[in-house]
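Chain lettering (A, B, C and D) follows the sequence in which the chains are written, and residue indices restart at 1 in each chain.
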C-alpha cells in the first residue's frame, strides 16, 4: 500500500492556515445540540466578540459555510434584476465576483487595474460621476491571490457620498488592518476566520449596516428567504428569535469563539500591528534574496501574504514541492490566472505571523532555492527579516 | 456577571449528537491547506470510505455545509421550470421540502399521511399511475421530527418502474438501516454526519446515480454552476480534477474521516443492528413507563430517535428543562408544528446508541417525570429496556 | 493478528477513574520546560489551589509519583530506628503500611479490626494509654479496598492529646469528606489526584504540618535527602527556592491544575456533598437488588466506592467480565486478600459521581447479574438509586 | 491581578521538550483503570515497542517516575555495602551519581575529565587494571549539561572484559545514537522519554541484562523489594505476572506508546541520523556566529543539545530572557556548576530536531544577541546551518 504523505511541519499557505494549539483544544469541546442553552449562550457570546473584532455596532451574521457563501449570499440577497454595480477589479477575486453579480441579475460597470496594483479612490469617484445609476459598489479589501490590498476606507467614503451601498470582501482583510464598518463605509462586509484571524475554515463572518438590511428587504421581485443563501433568514431566526435557520457547525463555532477570544486578548491594535510588522519583515527578507515582490508598490502590499514573482529559471511547482516535501513547509502558488507567475509566503494569524515562523519560512525558501540552483546567499533573507523585527515583544505591548 | 450555563453530561438530542472521544481527537489534527497533498489524500480517502458506508459505487459528493445545503442543492440543481415532483409527506421535513421544490420552479403533487404515520408504497404506485407527467419523487427516509421512517426501498423500486428519479433525504437514515442507493433506487441521496453516524455537523453527504448526474446536466434553462448550491461544481472540480470549488471545512473532513473509519470498523451490518437494537429497547422502556409512542405503529418507528407523546398533565418544556438543568441530560422537543406534542429520546451513533447511555437516559426521564408528579415506578423503564438488550455484546460480533 | 480489546465505555473502577473531557484537554497543553517562567507560575498556582482543596494553610508538597510514593516517603522520612508507631488496620492498605514502617526501622503496635469495619477512636485512646512510647500514629482515612472510612477527625484529636504525630493516608479521602489537616490533626497527609478528585494518576498530593516538618528534620541518623523519596528535598528546592529537585511530570501538573480548578468551581462543600449523595444512592440501589454491602454498617461506608459482597452462586470474575466485555463497564474486584469476596462500584470524581453514570452502572450490573442467572428484577436497583437522588441539581447549589 | 506569563512559541530547552501534536492527542485518550484488559495490552505493547527502540532482547522495565527514579533505583538495587564502583565523571550528572553510590553503600573510584571533555576508553582500561576489586562501572552516555557524549560502546566492551557490570545513564542518549544494550555492554541502562525521543516526562525507561538481574537479586543484605525504588518489584509483578507493583501513570504510558510508534515509523537508523544531522547543522550555525562550542572537540559534541560558551560581554540570563520574553523561544542555561558559563540550544526529538525549528532557534538567538549589542551578522548562523542541511528529506528516507 502506498504510504500516506507526511503531513507538513508548517502550513504557511494562503489559508486555511495553521492555528494555535489552544484553538484546536477549544474546538474539541464536546458537541452540543444547537438548542442546548449552553450553545445558545456560546453563539450569542461569539457574535458579541465578533462585533468587537469588527469594531462595529452593526449586526453581525455568522453564515455556516466558508466565506464564499457569504459573498454569494450578499450578491444573491442584494441584487434585483438590472441593478448596476460598480465592480472594482484588482485581482482574481474581484474579477470572479462579477460572476455572482451577473448570476443574480446585476449589471456590472468594471473599474480594473492590473493584478499587481490597487484601485485609486479618485478613479472610483470618477466612475461614480460617470455612472449615476450605480446602486452598489463591490470591492475586495485584501486580494489574497495578488498579496495586495485596496484603500477601502477612502473608497467607502466616496461610495457613500454618492449614496452607493458597498459590498466588501474583507475575507483576508479582517485582522490585517484596523477596519471599522461604520468608519470605512462598509455596508455588507464578509470575512473569513481562516485567514488573518488564524481560525478554521467553514464560516462566513458578516456585518450588515442598517442600509444593508434595508437593501436586502427591498430586493425585487422579493426578498431572498428560505435558502442556505439567505442572510435574512438569519435576521428573523437568530437576530430576532435566538433560533437557527438550520443546524450550525457546532465545532466551527467553538473554534471561532476561541479565536476571537485570543484576538481580543492581544487587542485589535496590537494584533493588526503584529500582522503588518511581520509582513514588512517578510518583504525585507524577500528583497534581500534578490527576489521581486509581486505588488507594484510596497504601500499596497497586503499583510496576509507576501506575493513574490517567480524568478527566472525557477519552476514554481518545483520550488514549492521542494519546500513541502523535503523540508515540510507548505506555501501557496499563484491562483487562477496568476498561477505560475508568483508564489505566496503566508503570515496570517497568530500561528503564522511570528518571528520564529517567518525565520523558518525564509530559511526553507532559501534552502530550496539553493537546492534548485538559484544563486542566493543562505541566511540573507532571514537576516534582513530579523533586522526588521527589532522592536518585537511577545510579552510586552510594544 | 451571569454564570454561564453548565454544559450537559449527555447530549441525547436529535442531532447534533455527542460524538466519541476519538472523533474529537481526530478532528483536532492541525489545519492543513486544502491543496496540501496530505489533505487531497485525506479527502479522497474519506470519499472512498463514504462510498463504503453508503454501500454504493455511485459517485459521492461531500458538500461543505450541513445537510440542508445538500437538500436545497438537489432541488436547485435538478428542477427545471414546471417539473412535476411527487412529494411524499409524512412529517415536517417532507412538507418543508415542498418549499424548495416551489422555490426552484417545480410543481408538487403531494402524497401525505398524518405525521405519525409512514407512506404506503402502494399509494405511491397509485399516485404515479394517476400522474403520468411526474419526473421526480422526493421522500424523507427517516423523519427525525416524528421518529418514523418510510419504506424507501419499496418506494424507490416503484419510482424506477415509472422512470421517475428519486431525491431521498436520508439525513438521519444513513446508519439506521442497511441501505444501498443502487438496490434501493436512490438517485440523489443526502445524509448528514451528525445523525446516526455520530459525527459533527457541517457537511452534506451525497450520492448521485448516473441518471441523477444526467438530470443535473439537463436542467433548464442551464445547469446550475458557479454557486455554493451547485453539485456540478463538485463534479468538475473534485471528481474530475481533484480540485475544490471553494475552501472545504478542513476540521469537519477530519472528523468525517474518523467517523467513517469507526463505522466501518464495526461493520455496516452490525452498526445498523446496534442502532435498531437500542431503538427497540428504548421503545420497550418508554412503554413500560406507561408512555405512548408517537408513531402509529412500531414497525414504522425510526432507529434514530424515539418520539414519545407528551403525557397529559406534563408540560413538555418543564420535563425537558428538568432533565437538562437538574440532571444534565439534553433531549429534543417536537419540531415545527409538532412542538409541545412529543419529545424525542436520542440514540444516534456510537456515543448515544449504547446500553449505558440508554439506561442513563431512561433513568433521568423517570426521575424527572417523578419530580413533576407524574405517576411512574422508578426503574421500570430502565428495567424493560435492559430486558430487551440481553444479546448485546460490545466485544463480540453478535 | 489479534484484535485489540475494545476500550470500555465507562471506567467505573476504584482508580484511576475516568476524568472529564476538560481535564483531558487541559492536560494536552504543550509541554513546557520545567524552568520556563510559565511552568513555575503554573506549579505555584497549582500548589495554592491544592491548599484550598485541602482547606489548609499548611505547606503542600506535590511529589512526582503516584500516591504510594508519598506514603513511602512519609515512612522513609519520618521514622528513626526504633520509633514506635501505632498502626491502625481496618483493611488491606492499613496492613500494608506496616511494611513501610518496618522497612524504615519503625516498630509497630497494631490496632486492628475486621476488614469490613472501622477503627473506634476510643480504642485508639486506650492503645495510646497502654503504649506511652508511641511517637507516630498511621491511619488510612478511606480504605478503598473495603469501601470503608475511618473517623480520622476524632482519631487525630486523640493522637494530638497524646503528643503523637499522625500520618494519614487520605489517598481516596480527599474530596470524599470535608477534611482539614488543621482541624483533623493530620500532620502528614497523602492524597491522590486519581481518586475522588477525578484526576489522572502520577502524583502524590501532600500536606505537612509544622510538627511534621520538624519530625522530618529530626529523623535519625540524619534527615532523608537527595532521594526520589525525600520530602525535604521539595522543601529546600521548591518551597524555599522555586526550584525542582528533579524534572516534574509536566502533563500531570496540567491535569492537576485543571482538576483543582474544576473542584473549586463546584466548591468543596458541594463537591463533597455530591460524592456522598451518589454513594448513598448507590447503596440504596445495591440493597434494592438484594445484594449485601460489604461494610459492617452504612455509617462507615466510604464515599469513593461501594463495596458489595459477591453473592452466593456468582463468580466475581465472570460478573465483572460480563459487565466489561459485553456492556463496556469496568468496575474493580476485591483487592489483596479481599479478592473474590467483594466487588466495587466506583463513584469518584465528577466524571463518575453523577446520576447518569450511577444509573448506567447499576443497570449494567443488573443486566449482567441477569445474564449469569442471578434472580433480580431488572430496574429495581436503578429505581432505588434514583429515588434517593430527588434533590440533585446540576445547575443549582442544592 | 498579575497577567500570567505568555507561553513560549518554541520550547527548545534541554528537556522536557516540546512534543508533536500527535503525542499530545494520543496522550489525551480517556483514562483507563490499570487493570482494564485494554490497559494491560497497551502496557505490554508499549514494552515491546521500547525493546525495539532500545534494539534489545533484554527485559525492559518502565518505572513510573522521571529518569532520576531509574538512576536511583539502579544504585539502590545493585549496590551492597562496600561495593566498588568505577564512576566516570565528565560532567555534572556523572558527578552527581556519586551521591547515589555513596548513599546506597558503595565506594567510588573516580575517573574524571574536565566537564567539556569525554572519557577516554583507554583510561577506563587503565583504571580497571589498577583497581581489580571494581564490581560496577557507572557512566553517563550523554551529558546533557555539557552537551557532550561518552564512547559508551568502547567503555562497555572494556568493562565486560574485566567482568564489571555497567550502569549507563542514557537518559538523553537513547535516540541520539544507534545504541544496543547487548552490543554496547549495557547491563542496566536508563533513558528518559522527554529527551531525544521527544516524549513527555514522568517515566524511566530501563533495560536490564541477565547479569543485571542477577546482581539485583544478589544485593546484600537482601534484594531491594516493596519500594517505589525497587526494580525487582517490576520483575515479579509485571514481567512475571502482568500485574503492577502500584498504579502506573496512565496518560504517560499513552504518551510513551505514541512516541515509540512515531519513532519506529521513522526507523531507528533514520531517526538517529536526523538527530545527528540537526546537531551538526546547529554547530555550524553557532560557529558561523563567532560563538564557541562548549565541548572541547566536535567529535564529542552530543546530538541532544548544543552547548555554547557564553561570549564575553553577554549576560547569559539576559540573553535567554530576551529570547524567551521578546521572541518566545525557551532555551536552557548551564546546569549546576556550569551555570553562567554556557547556554544550550535544544534539538531533541521530532518536534525540536527539524530544519524549520533550528532555523527559528538560530534566528532568534541572532536577533537577541543583536538586541544585547553583540556584534554578529544577522542571518549568518541560519545560513551556515542551512548549508549543512542540503540532504534533508522529510518524505524520503535519505
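For this structure, a couple of remarks:
Note that a contact is a pair of C-beta atoms (placed from the backbone, for glycine too) under 8 Å apart; a residue touches a chain by one contact, two chains touch by 3 or more.
Just so you know, these numbers come straight off a predicted model, no measurement behind them.
A comparison of the A-D and B-D interfaces places the larger number of contacting C-beta pairs at A-D. When chain centres are defined as mean Cα coordinates, A lies farthest from subunit C. One inter-chain figure worth recording: subunit C and subunit D are separated by 34 Å, centre to centre, where each centre is the mean of the chain's CA atoms.
We define each chain's centre as the mean of its Cα atoms; on that basis subunit B and subunit D are separated by 53 Å.
Centre-to-centre separation between subunit A and subunit D, using Cα means, comes to 45 Å. Residue numbers of subunit D whose C-beta contacts span two or more other chains: 5-6, 21, 24-25, 28-30. Of all residues in subunit D, only 5-6, 9-10, 21, 24, 325-329, 354-357, 359-360, 362-364, 366-367, 370-371, 377-384, 386-387, 389-390, 392-396 touch subunit A in the complex they form. Of all residues in subunit C, only 4-8, 11, 13-19, 24-25, 27-38, 41, 64-69, 72, 99-100, 103, 192, 194, 200-202, 226-229, 246-252, 255, 324, 330, 332-333 touch subunit D in the complex they form. By the touch rule above, subunit D contacts subunit B in their complex via residues 21, 25, 28-30.
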